[in-house]
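In what follows, chain A forms one complex with chain B and a second complex with chain C.
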Partner chain A sequence: MWSSNIYRFRQPLWPGDAYDFNADPLQHTHKLPLEYTTPGPFGTKHSTAAITTGSSVIGIRFDKGVMMAADTLVSYGSLARYQNMERIFMINNNILFGGCGDFADIQSIIRGIEQKIVEDQCNGDDIEMKPKALGQWMTRVLYDRRTQMNPLLVDVVLGGLDVQGKPYLANVDLRGRSHDDFVIATGFARHLTIPFIRSAKPKDRDFNMDEAHEMIKRSMQILYYRDTRNNSQYTLGVCSPKNCGIEGPYQVAENWSYAAGIKGY
Partner chain B sequence: MSYFCREYHDIPVSTGTTIMALEYAHGVVLGADSRTSAGSYVANRASDKLTEVADRIYCCRSGSAADTQAVADLVSHSLNYHQYQFGRPPTVWEAACDFRHLCYTYRNNLLAGIIVAGYDDKKGGQVYSIPLGGMLVREPCTIGGSGSSYIFGYVHDQYRPDFSKEQCVAFIRKCIQLAIHHDGSSGGVIRIAIITADGVERRVYFNTETGQPVTKHKKLTELDTSEESD
Partner chain C sequence: MFRNQYDSDTTVWSPQGRLFQVEYAMEAVKQGSATVGLKSRDYAALIALCRTSKEAEDSPNSPLQRKIMPVDAHMGMSIAGLTADARIVCQHLRSECMSFRHSYDTDYPVQRLVTNLGIKLQATTQRYNRRPFGVGMLIAGYDEKGTHIFQVMPSANVFNCKAMAIGSRSQSARTYLERHLDSFMDSTKQDLICHGIQAIRGALGNQDSSEFTINVAIVGKDEPFKIFNETENQIYFEIAKTMGNPVTSDAEDARSIGGMIDMMDDMLEHGPSGSGSGPALDTDEESNAGLEPRPQ
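Coming up: the complex of A and B.
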């Protein structure tokens, strides 16, 4: 197959690769072009750059609820610009929302969700929004923006207590792809923390709250060591039947003692 | 670059800038340099980047001069109308949200980094930062513009939350002076605005060696032409 490509089209190299419409077939592109332009004198221009960005978000579902953590840094490129930002939001008593990616878009999404909550209240039926419903709506919103070729450059973790108190945790990304699982991570955390959390999961039961908390603490420590766009402070959102709220900011535990023993390179 | 070549006229005019604002007990203090540059040409060496949008609310503008002037005009108009509708002066939060609305909605077409600062009776002195991209965050001490890169460390080290008014002014003067020293796109005089419940006080400080607006041409110290070695 590879040798008989007489049309000189690039064969798909990894799953999803065939959907990169904007790719020059001969060019190895992971990156979006800097701007999408519609040709003509009245054409539109959409910048594809995320400017003020938040790094990873981690969520873990445990037997009674969900827990979510993100560090408190919003970066401006490589500049650590805003060091005290909360990126985990409490939507209502059942839902936590964590945002990664362009922070202006995250703030815009939160405003949109708040408007939705007010609309719900206007029904006067005391029915509160549930995390799965919010997840479905977020998927539609993000997929629609992606189809308009003007994505919200975000990767979102949302979770909480669904109907009958069942814990729910899901992820929606800028393409409108979503899935739910017992561990959700965005950005760097996806690569660094999901593997060890999955292997630590007992096969026959869910995590309990203390185990989930230990996973989160270890994850934030690893992210601080290995992600250049993280700081050492994080906020923790917990949603359980007893209470739902944002705790913190916490400081990660650091261990640099081995560094003293390294010499040479 | 020749005056007649195309590049000379097509370089966008930007307020490559240093801007800064601090909250203190009785209000806010804002500061900015005064250089407007078009590439390497100084288009205006005495511009005023502290712009009034309401009686007790100012904004510091950085980025494209045209973009920030247009946005500030629109917000100022909107706040004026708001005052007629509500029968009370606008709050700083309302002004910041107006700026954010424009900066976020038109983020792909604007180059505007804005600091909104002012005083209202509800929450006292407040400073809001709206960088490129259009996010909005309140910060007690915030810096912006191209020159701010050079003073992040100084501000982080020297800022105290309990400055008095004159300490705020002295701190801002020092920061902008240091930024001007290293940033080619910042220069000129240092403009200060102090906003409290009683009104707005404007000051200008000169960046010359003597602190005076006018200096004379003079020869610096003699070169040491001694032949003796140490």
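Coming up: the complex of A and C.
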């Protein structure tokens, strides 16, 4: 039946293939025509809005390592859809990765990074990737995507122990902007928590681990009270010389007892 | 080595399982002047014997630098063989390092880069339309795993070395390095360089030493790759001279491990003969003087 193709049309290769009316019938490539791929007002709009999103991520660098926390909610617009998602990832023994923004993009980035880790292991030379190197790579990838007008809609916190055990904490955003500091926060946390953490920092020394932990607990509490896209559960990533891992999930210490005294609202 | 019917193409095996084109490429390395690489815990040094140019010694493209080529801040290499081929390899290594630094803001781990180089060079020994690179390299580097000296040959073999010498008359340099091998790991920077200079002076043999210049380069902990200038070369050369005359006798060379291997190779080629075909140390350089291109 298919052998008598007198019009020399390309045969369908899979169900639904025959409905590609814009394709050149004599061509075997499956490229979409330019009208469908050029970005712009009359062409395709690569999604400019994130679909499923994770809220803020907070990272604090202390004297011996870094600590990072994010709540476990992934929202679908204003719907609190996935309530038990870990948004802090342990990359290897030196690196923690926290993702905010479009969660599908975060998962895609993590898959790409895991490939890199496997390649590292295949070399068999015990050289592990360091946070600064991964941060530079993330900057290059995100900047390149923004230049192609097809951004990964994410805001990423990267931290860990760099060469000679020096703690390192950095942020890379969807435009490919990056900086490193002792406190990094994305999303609403940038507005709500960075000011009080900066003012609590001692001038002559770094935070120690307990102080950093207190800051994180207070930050997650503030975010749960004030950011409407947070829930009360969060996971905590810690990277110190002794160990590197994700702890939790922890519950925010919430106190609604003042609500009884509010009248006329 | 003599001509036979299996040596016209890289892709032809001989009945003994040899690739003659690859072995002929290794001969090109023996035509270049000697170079030595050795490492301690914190430093890796490259020492090369360069032929002095009679004209324009102070020109910007000083021919004295053709033997040692910097690759990156943490890595450099010295060559023996065809300079043109060496330049291609060097350019490849440099662009790999640069690209890695652009992506990751850190030094390319030396072992990984050299392994990838070996894979790239192997392709030239397996295609009918390519030939092996006619250059042997000693790559010195320093990264988070410490110091490295790697030897890369036209056969695409990559060896991780504690110390190595390649090029013409390098057997006496290898003998010297073998004898002092245990002292290198804990050497100071100065002692390491002096050992290297002593090793390469062995390669001069009884030749007129004004025809050659010794060039030194070093890389290591808190020390980006650097080729020494005239003055620094001279300082270390003077210190090394106080360590005595390193020229070994032919008999001692023959008893060393490398000397034995050379002697066995010769016997395989020429057959057991009593008439003066010892280790292949002497190339007749005067008769080659008129030929171009001149390997360095």
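Here is the rule we go by: the second predicted complex is superposed on the first by the 221 of 265 C-alpha atoms of A that agree within 3 Å, B and C clash if a C-alpha of one lies under 4 Å from a C-alpha of the other, contacts with A are read in each partner's own complex, and residues count from 1 in each chain.
Everything that follows uses one rule, which is that a contact is a pair of C-beta atoms (placed from the backbone, for glycine too) under 8 Å apart; a residue touches a chain by one contact, two chains touch by 3 or more.
What you are looking at is a predicted structure, and each value in this text was computed from that prediction instead of being measured.
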| item | value |
| --- | --- |
| Clash or fit, chain B versus chain C on superposed chain A | fit |
| Chain B versus chain C as contact partner of A:Thr52, first or second or both or neither | first |
| Winner by number of chain A residues touched, once chain B and chain C are compared | B |
| First, second, both or neither for A:Gln221, with chain B first and chain C second | neither |
| Partner chain(s) touched by A:Gln233 [first = chain B, second = chain C, both, neither] | neither |
| Which superposed partner A:Ala104 touches (first chain B, second chain C, both, neither) | first |
| Touching partner for A:Met85 - first (chain B), second (chain C), both, neither | first |
| First (chain B), second (chain C), both or neither touched by A:Val74 | first |
| Which superposed partner A:Asp125 touches (first chain B, second chain C, both, neither) | second |
| Overlay on chain A, chain C to chain B nearest C-alpha distance, Å | 24 |
| Where chain A meets both chain C and chain B, residue numbers | none |
| Residue ranges of chain A in contact with chain C within the complex | 123, 125-127, 130, 132-137, 140, 163 |
| Chain C residues touching chain A - in the complex, by the definition given at the top | 102-106, 109, 111-112, 115, 144-145 |
| In the complex, chain B residues that touch chain A | 104, 107-109, 129, 131-137, 139, 149, 152 |
| Residues of chain A defined as touching chain B within the complex | 45-47, 50-52, 74, 76, 79, 81-82, 85, 102-104, 107-108 |
